[in-house]
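Before I ask anything, here is the structure I am working with.
Chain IDs A, B, C and D follow the sequence of writing; residue 1 opens each chain.
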Amino acid sequence: MRKLISEVPLKVRFNEVDALRIVWHGHYVNYFEDGRQDFGRKFGLGYMDFFNEGYTVPIVEVLVQHKHPLTFGEEAIVKTTFVNTQAAKILFNYEIVHKDTSALICKGSTIQVFTKKDTMELELYPPDFFLEWKKKHGIS
Amino acid sequence: MRKLISEVPLKVRFNEVDALRIVWHGHYVNYFEDGRQDFGRKFGLGYMDFFNEGYTVPIVEVLVQHKHPLTFGEEAIVKTTFVNTQAAKILFNYEIVHKDTSALICKGSTIQVFTKKDTMELELYPPDFFLEWKKKHGIS
Amino acid sequence: MRKLISEVPLKVRFNEVDALRIVWHGHYVNYFEDGRQDFGRKFGLGYMDFFNEGYTVPIVEVLVQHKHPLTFGEEAIVKTTFVNTQAAKILFNYEIVHKDTSALICKGSTIQVFTKKDTMELELYPPDFFLEWKKKHGIS
Amino acid sequence: MRKLISEVPLKVRFNEVDALRIVWHGHYVNYFEDGRQDFGRKFGLGYMDFFNEGYTVPIVEVLVQHKHPLTFGEEAIVKTTFVNTQAAKILFNYEIVHKDTSALICKGSTIQVFTKKDTMELELYPPDFFLEWKKKHGIS
């Protein structure tokens, strides 16, 4: 089975740094979204791809574990990995590593579900287009 | 003519403070929105009031002038004043003052226009419901 | 053992709502911070209390589980509960419930550690002032 | 006199879009900061350059004028132009244009002042290093 990973660079904004001069922990949820958005663009699994198939894919769980702080001006890489499941869910793992030292800054995961875009009703089975997307990418 | 003003308290969040331990300037646009939202609730001119009349009222200009910094844990008051105009615009002035010292922290203004919610088309004349709202509040 | 809980009201800001017209998931980390900050004020365990004792208490883990969406204009309550541990950690659980219906919107938890404010060095044992704080509040 | 301009690409994040599915106006202050940060890197006038010379350069005024909305997935370019003044101030103009159509999305300006980093005292005259920076870049 292929492992689908996207990597996208991250530059710390001045206003993401808090009074301790490290990135405020809440911004990492943004960075995960940057990673997920980049994954979507690269592998055709973006927000609009779901939307055009009639679905929205709300986040139902986020876990963030902070290992090392980032400071203003530092650069990092957000690695987003697709995690396969038979459930009607979309799982991603994230690792943020320092651009220069490769030190692990942060890791985490998200869980998304499928809801019909018109009714917001939860889907209990993975939609066909998603199964086909997995097949196309050698994931089963 | 009556002067319509709302006052809403503001507590500085930890994550609104930057590396210099003062509120990052960009957050004041949020504080203005808090003020405008409070004004809307108090005087029946909120986002949903416009929406229910068929309009959205996008911001087309924001001016923010910073006079004194705020630090974590400080409290302030956002004063939002309706500014009358004959144009098809909604003008607000803002003053943020320190809760304890009344020192002027920040002042500014916003300009909003009327667009039809379905077509996003710009309205060239103030809608009737808005003229009635002004009349009701003794503004002419 | 007493259970220490703070409750603080939450009003959804217009700009916290995303294209689906529900609060974007990342903002819940803010809401947890609002809860934690309120807890700190009420029980004397705020950011500055730690700082004045020579410590910062960075977040090392956040878990957020989304149960129901919130939309613009809705109000909720953030309930923050102190969770005791013998480890040199500070644990909080969070529940965000709808103000009118009491429906569970979101639950989650955070883990903080103690670092010396000057060296950023990790503390392996709970500092004395923290043990005293727990004793004072009947937690053991 | 040379005109110093930096251009940096901008991708709209999902969570920057509001209930109307356009970028919430407050995020443009972030985009301006992205532009200013990019300018600083390119021309050696970044936050840390000031800091290392003993200064911080707080924003005292921001003006943002919105011309056209941006939606999720759209890309734009932030153009940041240095505006010369004899006063002890740093002025930038900003233009955000659509990547594909070059349509003007937003324009604006910021004013920064010089404060000594230790005392936060305002400088009434432009510091020497800043005059030298201008000279080096053919600005007088």
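Convention: a contact is a pair of C-beta atoms (placed from the backbone, for glycine too) under 8 Å apart; a residue touches a chain by one contact, two chains touch by 3 or more.
These numbers come from a predicted model, not from an experiment.
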item	value
Selected pair, greater C-beta contact count between B-D and A-D	B-D
Duplicate of the C-D contact set - from B-C, A-C or A-B, the pair where over half of the pairs recur	A-B
Where chain B and chain D are represented by their mean Cα positions, the distance between them in whole Å	24
For chain A paired with chain B, centre-to-centre distance based on mean C-alpha positions, whole Å	35
Separation of chain A from chain D, taking each centre as the mean of its C-alpha atoms, in whole Å	30
Residues within chain A bordering two or more other chains	14-15, 26, 30, 33, 72
Interface residues, chain C side, partner chain B - complex	11, 13-15, 30, 33-34, 37, 46-48, 72-73
Chain B residues within the chain A interface of the complex	14-15, 17-19, 21, 24, 26, 72
Interface residues, chain D side, partner chain B - complex	20, 22, 25-26, 29-30, 33, 56, 58-66, 69
